[in-house]
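Chain nomenclature is as follows: A, B and C, assigned in order of appearance, with residue numbering initiated at 1 for each chain independently.
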């Protein structure tokens, strides 16, 4: 277990060194957040139609989205892992006396966490000072906050278990861009990062309900703003855990049974 | 004035300090420290048209900085540099038509397409007239033995094949000066020989001035009559390879083949050992020259054959580096 | 110009060497692109207008901006990937060749997969224009063409500025995406829906308003001011300082190295 922790720590520390990347990331997230909120605000002001969410709850949702973007987005790739696959150096990784799946898992977890640590607080602090109703607000209740933390933690584990799948898919298909991208776009779209799930057209809402992606972040954010009740939240977390179990099992067993064969065949 | 004239060139780089550990990482997040590195200081030399010069030095001595300055990619903080009456970093377009550069560790060929396609593109880039292009290309294809490989995607070539193509690509526009930065790095013995022979021939036939950096001392021995040695950003030695060798080569082994018994006790003879067919005698050339030694011996016995061992340039360079503590 | 076209041809040739990868990437771009207008379509399924603009008006705006962006991604990819040119030393090679530096940088990279976005944006543009039932005139045709051209020019300018930033540092390049992706994202809506500060910034600092707003107003008949139709021409003035800044960067590179 210590080896995995070392991997995690190493990636975490390396991530912290990218100062300018963090500052740049914060400004990007700010900008995107503003654009999203202003587009919504403009729609709300034009005042025609049914509102799935209050503007103030929506603002908080969107700021959570932006401040935690580094943690929850599907497009974050570890270029190192993909390079390993491209160059064939993955044979070295496989020859190490540790479980490759867990190694990758903790690497990615470390990276995501260190990326988000640097970006989260500045965005949250500044956006809570914005004028109402565009600001970031406190959670609806202490219970909701605790539930939010739980759901977000499991969501983090879930997104990592999905992002370990990307290099695995790349390895199996020997195609590092196309297929992985298709997967990532669909996941991103259905996770609510692009647009909150309550705003989805009905069909897509149905589809997203039977897939794991909305349990990455949408569940926890909506618990936070009170759009999902405590009771439904607990039910959601239950499903979240099932998905976490499924995705980890899939990744782990593909890695175990197929990777060696693929690598040997691929030369 | 010489063809290439370099006068007191200096260049300093500013680098960010990086330390390890979480604490340091957080610290440097807020405050960065910089260090200043003098890559080259007060370098001067001149090179005549048609020379082959070996530019050598340990890693980080300032070799590539100098090459970059000479090829116009970088301008120095101080100093003058005039090549064929031009300042490399001014009037870029005119200057670069006169030079060719080969970076042994980088490629200018397009990875996924055959070399010939890259050549065609270079033809457009350098505005080479069709006739001249055909002539030069055929010449290079023949001399570098490219006929069978020029139509294969570059990614499928071996390192040696690729390097030959790289060199050809750098010479399509018939440059007057060729910079070769580690041209034989990673090549096998046969490819090395081919590249070296080609460079020699090029220099002889077209009077191309060649500046060569290499860690491979046999490159230097076969190609460069003149060596410029730099270390810590300064010129440590500039002169013929022979002189450099003589200076550092104080100990030599002379093997004598003879059936007779030899008694010799002169000054400068460090040791004498019997081998199968004669003797190995180690001498200090500062005290006694080889001809003096042979003179003495031949008066005493009949010599059937002699063999004089050259100390390898490798060893000499190690010695020099030690001497200068670089 | 000839060598630029030849170089593009070679890029296409090398991309097609990996046929399956090319096809997959091409389709993945279609889905990526879909996720962009998915947002607009979703929102208009809940609301019927945004500050008076209808869905097809917004989609027109969207298509123009996406066209300009995708055009640069295909033909000016070298600027977008300029950091890797610096890091891998390819830019040194550029300096060693007797040709215009910017054009060399342009053809150093190319991404033909992104042409799928180009095609889609044109399709959406056509759909939007048909649905909007435009009262056509010569001026309106010119106006639409100028919008498309200026969209190309504005992203070219921004790509140039972003590439110039690489001369200072290749770290923190994410900030590029504020102006490229972020700018694109925002400009796919008519600038007028945003608040005053934004409008000011994107009129006078990065003049998106002359690409997607004033000419749009004329084109869809919300305004009769003919000079609105010609306002995209201002972008040709805007690009000049951007080119100069890039050359300043080259000067800096030549004195500081990478």
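The rule is simple: a contact is a pair of C-beta atoms (placed from the backbone, for glycine too) under 8 Å apart; a residue touches a chain by one contact, two chains touch by 3 or more.
What you see is a predicted model; the values in this text were computed from it and never measured.
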| item | value |
| --- | --- |
| Centre-most chain [mean C-alpha coordinates] | C |
| Most remote chain, CA-based centroid, reference being chain A | B |
| Between chain A and chain B, centroid-to-centroid distance (C-alpha), Å | 52 |
| Length of the line joining the C-alpha centres of chain A and chain C, rounded to whole Å | 28 |
| Distance between the centres, which are taken as Cα means, of chain C and chain B, whole angstrom | 47 |
| Chain A: positions in contact with at least two other chains | 19 |
| Parts of chain C lying in touch with chain A, wherever the complex brings them together | 20-21, 23-29, 31-32, 35, 38-39, 41-43, 45-52, 169, 171-178, 181-182, 185-186, 189, 193-195, 198 |
| Touching residues on chain B, where the partner in the complex is chain C | 13-14, 65, 68, 71-75, 77, 89, 92-94, 96-97, 99, 101, 103, 106, 108, 110-113, 117, 120-121, 124-127, 153 |
| Chain C-facing residues of chain A, complex | 18-21, 23-25, 27-28, 31-32, 34-35, 38-40, 42-43, 45-46, 48-52, 175, 177-179, 181-182, 185-186, 188-189, 194-195, 199-201, 204 |
| Of chain C, residues touching chain B in the complex | 2-3, 6-7, 10, 13-15, 17-18, 88-90, 92-93, 95-99, 254-257 |
